[in-house]
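Below is one structure, written out as C-alpha cells; the observations come after it.
Order of writing sets the labels: A, B, C and D. Residues in every chain begin at 1.
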Amino acid sequence: MRVGWIGLGNMGSGMAANLLKGGHEVTVYNRTPSKAQALVKQGASYAARVADACRGEAVITMLADDSAVEGLVFGDEGVVRSLSKGGIHVSSSTISVALSERMAVAHAASGQRFVSAPVFGRPEAAAAARLFIVVAGAPDAVDTCMPLFEAIGQRTFRFGENPPDANLVKLSGNFLISSVIEALGEALALVGKAGLDRRQYVDFLTSTLFNAPVYKTYGGLIADKQFEPAGFAAPLGFKDNRLVLAAAETLRVPLPLANLVYNRFLTLLAHGGESLDWSAISQLAAEDAGESALPKRAA
Amino acid sequence: MRVGWIGLGNMGSGMAANLLKGGHEVTVYNRTPSKAQALVKQGASYAARVADACRGEAVITMLADDSAVEGLVFGDEGVVRSLSKGGIHVSSSTISVALSERMAVAHAASGQRFVSAPVFGRPEAAAAARLFIVVAGAPDAVDTCMPLFEAIGQRTFRFGENPPDANLVKLSGNFLISSVIEALGEALALVGKAGLDRRQYVDFLTSTLFNAPVYKTYGGLIADKQFEPAGFAAPLGFKDNRLVLAAAETLRVPLPLANLVYNRFLTLLAHGGESLDWSAISQLAAEDAGESALPKRAA
Amino acid sequence: MRVGWIGLGNMGSGMAANLLKGGHEVTVYNRTPSKAQALVKQGASYAARVADACRGEAVITMLADDSAVEGLVFGDEGVVRSLSKGGIHVSSSTISVALSERMAVAHAASGQRFVSAPVFGRPEAAAAARLFIVVAGAPDAVDTCMPLFEAIGQRTFRFGENPPDANLVKLSGNFLISSVIEALGEALALVGKAGLDRRQYVDFLTSTLFNAPVYKTYGGLIADKQFEPAGFAAPLGFKDNRLVLAAAETLRVPLPLANLVYNRFLTLLAHGGESLDWSAISQLAAEDAGESALPKRAA
Amino acid sequence: MRVGWIGLGNMGSGMAANLLKGGHEVTVYNRTPSKAQALVKQGASYAARVADACRGEAVITMLADDSAVEGLVFGDEGVVRSLSKGGIHVSSSTISVALSERMAVAHAASGQRFVSAPVFGRPEAAAAARLFIVVAGAPDAVDTCMPLFEAIGQRTFRFGENPPDANLVKLSGNFLISSVIEALGEALALVGKAGLDRRQYVDFLTSTLFNAPVYKTYGGLIADKQFEPAGFAAPLGFKDNRLVLAAAETLRVPLPLANLVYNRFLTLLAHGGESLDWSAISQLAAEDAGESALPKRAA
C-alpha cells in the first residue's frame, strides 16, 4: 500500500520501518526532520510537510499526546485538510477518547474515513513487529488497513465500528498495567520489609499464577528497582492515567484504584521522578513503609 | 511415608486423596467424621482423635482458619501434645503470620519440627494434584516432606527456613489475586458502561499482556458475572484480606490497595453476598457506576 | 460607588441587592434579562449588554462556572474589551485557579485592575449580607473595593496581591466542607447502623468539639437525610471538587481525601442524584453499609 | 460519694483531683504507686490493690487501652471479682466496643452495674474539669453517678442504656477529629505549596465556617508543624483508629476515610514518629507533595 507516516518517536520509528520491510510504500513526516533520515535510508520517501504524507491510501499518526495530534490533524495544513476524499486516517497514538471522537466526526464531515488503532507494547516490541493492535472503525476501512497492521504487529483485535472504543480499550489496558505495578509495589514492600528475597518472590509469582508478560516485565524491574533508563517514562504513564480518569468521568464511572495510581504519579513527580520509568511508582509503597528514597530522587 | 492428615474440606479431601495415590500411608482425621468415609474407601486409615493422626513421620493440617488450627494444634489433645519428638507438623492452611510464628515456637519447644506449606490453587487444582506449594522451614524437615509435596502439587517453591515467611507469601499472593479482581472490576465497569462487549474485552486481555491463569480464571467469571457457586467464598477472601493487613500492620507497611479491597468485601457482605465467590467484589465497581445490584443481593 | 454587576443567580441577586442597600449605584446585567427586573425595582439600572455594565469604577462578576466567566470576560464584547483603563474587575465566582490567572494577565495587559474576591456562604447568607469574602489583588484596587465588600459580607479577609490565591483559598475551603460531609456521612453510617439516634449524635457533636457553622448546617441535613431542595446542588459541588483537584495537579499535590469525595460525587451522579444537595454524598457511606438507596434515586 | 479511682495517667490524675475538689471521698489505685502520691496529698486514700479501690459505691477506671483494662477488670483480684453486688463500675477509658460489651455482660452476671462514660478533651481540659462526658448505661446507675460527672466535666451527654454505645460515640468522635487533621493536612499542603501563609489561612478558617475548638486546636498545631510535645501521642491515635475500624468491621460498615487515616498512622510510625502528637499525620500530605521530612523523622 501507499501510505504516509507521521511521528517518528521511539515507537513510530520501529513501526514505520516494519511497514517498509512489509513491502509498503511509505512517506514519512516528523516535526524534527533529522529523525526521518534513518527511514529514508531504508527506502522511505521524505515529506517536508504533513500534507505530503497524506497523498496515499492511508496516513498513520503515531504521536506523543493529544496536543501533538490536535496540532497536526486539525491545523491549517493538517491531516483533515490534506487527506483526499475516501482517504483513511489511522490513529495509533495513545490519546483521549474525546479527541478520538472529535477526529471521527471531523473526518466523516470531510468525506474521509477514520480508524482508531492504538497499540500495546514497548519500543522493543515495536521494533520487532510484536505489537498487539486494537482496532475500531468502519469495517471496510479496517479491512483495507489489515495488511498494515500485519506488518507492524503480532496480532490485531477488532473492537467494532466506533473508533473511540479502541482508545478506551487502550487506556483501560494501561490502567490494568498500572494496577499490576501498584499491586506488585505493595506486595514487595511487604515481603521485602519482612526480609524475603524480592527477586525470588517475583520469580515464584511469574512461574505460577502470574505467568504473563506484564508481570514478567514489570516484576523484574520492580524487584530490582531498575527504573532507568525509562522504557515508558513516568510523565507518559501519568498522562494515560489522567486520560482513563477523564473517560471514566464522562461516563460517570468511579475508578478508585486509578485514583490511587494517580496519587502515586503525583507523588513521584513532586519528588523529581520525571526521568524514571512509570513503574517507579511501585517504590512509593516501600518508601511509605520506611525505606529511604531512591538515590536519584533523594539527591 | 506414614503420615496423618487433618482437615477434609474442599481442598483437603483432594490433597489427601493424592497422597494415597502417591503411595503414602495416610491416616485421616476430620471434625465431622462422615467426610472421612470417601478417603477410607480409597485406602486411608481412620483417626477418631487428633492424636491418632499424629503417630506417623509427619502430620499435615489443612483447615479453614486460624481458629480451627488453634483449636486442633494447641488443645489438650492437640497436635503439639500428640506429635512425637522429631515429628513434623506441616501446616498447609491459609493462616496468619502470627499463628504460624506461634506454632513454630511451640513445636520447637516440644522438640518437634514445623514446616509451613500453604498452597495456591482452587479445589479443582487440589483434586488434580496441580497445586503450587510454598514452603518454609528447617531444610532437613522440608527435604523429608518433599515426596508429600510432589504427590499433591505440580511444583514446590522453597522460601527459606523461617516458617511464617511461607504464610506471608501465600497471603500476599492472595492479595495480588484480589488486586486483579478489583482492577478487572473497574476496567469492566468502564468498558461495559461504554457499551463494549465484556467477554471480548477479557478475551483480548488474556490473549495478550495478561495471558496468565489468574486473569483467565477470574476474567471469565467477572465478565460473565458468574459468582455462584463459589469456588472460594467471599468470607474466606475477606479473611485472607484481613490476614494480610494484619501482617502488614505488624510490619508497619501501608497497603492502600488492600484497604480498597477490604472495603469492597465489607460492602459485599453488608449487602448479603456471603454465599458468592470472592470475585463478586468486582461487581461493586459496576454498581457504583450505576448498574443495578445482582439479583441475589437485591432480593 | 458606581459599579456594574454581572450575574444574577441565587447568590448574585442577593449580593447586588445589598450593594444597592449600601447606597451604591449599580447597573446590572444578566444573560436572562427577566432576572434583572427585581433589582431594577430596587433602584438598579439595567444593562442590555455586558459593555453597559462596565462603565463604572468597577464591575463585579458572579457567575456559575469557568465557562460562563470565560464567555462574558473574554468575548468580543466582554469585560476585558469593555472596561476602561484603570477600571477594576472584581471576580466573585467560584472558578479555577487557572482562569483567575488568565484574567489577571489579560486585565494587566489592558491596563485594567483585577481583584479576585470569591465568597463563602449559601444563598441565605448572601441575601443577609453575611458572606465571608476572601480577597487577593493589588492593594490599591482592593482598598478601593472595600466599601463594596462591606456592603455584601460580614467580614473580608485579604490574602495578598496574587489574585488566584483567593481562588485557591475558596476552592480549598469548599474541599474542607466536603471533607466534613464525608466524615459525618461515615460516622453516621456507623452509629446509625449500631442503632444510635442520628440527630442526638449530631447535636452532641455540635454542642462540643464541632461547634461550628459547617457542622451545624450539614450535620442537620445529613442526620435527617434532607437533601432537597438543594442549597448547593451536587453538580456544583462536583465542579468545585474537580477545580481543587485541578489546582492540586498543577502544583503536584496529592489530595487523597479529595479523590475520595470525587468518587462519591461520581457515584451519586451515576445514580441520578443531580438535583440533590451536595451533602447527599454523605448518604453513600450508609448505602455501602447496607442501607437501601434514597427513594428518589432508587426510583 | 465514696468512690475508687483506678488509673492515674495524664488524664486520670486531673480527673481524680477534680473529684476530690468536688467533695467526693476518693481511694486511688495505680499500677505505678508513686503516681498516687500527689493525689494522697490532696486528700485521697491510697489503695495498694485493685480490690481496695472497689469498696465504695462506684469505681472509675481510666486506663490506657484494652489490655490494661482487661488485666485490671477481669483478673483474679480484678474489679469484677472485687466489686460488691449493686456496685457500679464506671469505665472512662477509650476502649473497644467489644470489651465494653464483655464488661457489661460480666458485671450483669455478677449482679453489678456497668456504666460506660468515656470523655472528650486533652489533659488540660481534664485538669480544668472541662471534659465532655458521653454516658450510656442503666438509667438508675447513670443517675447515681451524675455528681461524679459534674465534678470532672463541663457537660454530660446521655446516650441510652447500652454501655457500648458510649464507646462507639467516643471512637467515632475521635475518627471525626482525625478526619479534620487529615483534611487540614491536605489543604495546608496545597495552599502551602502555592506559597500562601499557613497561619493566616488557618486563622481565616477558624474565624469563619470552622470556628470550632477542634479546628482551633489542631489548625494551630498543624500550621506551625508543632508536633512536640505530644498532647495525644501518635500510637494512641493509631490505637483509636484501629478500634473504630474494628467496630465498623463487626457492623459491616466501610469507612474509607478512616482507612486513609489508618495508612497515615502506619506511615508515620514506619518513619519513627512514635513520640509525635497524632496530628503529625497531617504533615504526610505535605511530604507527599515534595516537602522534606520533619527534622526528627529524617534523623
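Keep in mind that, in the parts below, a contact is a pair of C-beta atoms (placed from the backbone, for glycine too) under 8 Å apart; a residue touches a chain by one contact, two chains touch by 3 or more.
None of the values given here were measured: they were computed from a predicted structure.
> If we define chain centres by averaging CA atoms, which chain lands farthest from chain C? Would you check?
Looking at centroid distances, B is the chain farthest away.
> Same or different: do the copies chain C and chain D touch each other through matching residue numbers, with over half of them shared?
Same: most residue numbers at the chain C-chain D interface appear in both copies.
> Between chain B and chain C, what is the separation of their C-alpha centroids in Å?
The separation of the two C-alpha centroids amounts to 53 Å.
> Between chain A and chain B, what is the gap in Å from one C-alpha centre to the other?
37
> How many angstrom lie between the CA centroids of chain B and chain D, rounded to a whole number?
About 39 Å, centre to centre.
> Enumerate the residues of chain B that touch no fewer than two other chains.
248, 252-256, 263, 266-267, 270, 288-290
> Can you tell me which positions in chain B touch chain A when the two form their complex?
Residues 120, 132, 134, 155, 157, 159-160, 165, 168-169, 172-173, 175-177, 179-180, 182-184, 186-187, 189-191, 193-196, 200-201, 204-205, 207-215, 244, 247-248, 251-258, 260, 285, 288-290.
> Please give the residue numbers of chain B that touch chain D in the complex, ascending.
Of all residues in chain B, those touching chain D are 242, 248-249, 252-256, 259, 262-263, 266-267, 269-270.
> Using the touch rule from the top, collect the residues of chain C that touch chain B in their complex.
These residues of chain C touch chain B: 263, 266-267, 270-271, 288-290.
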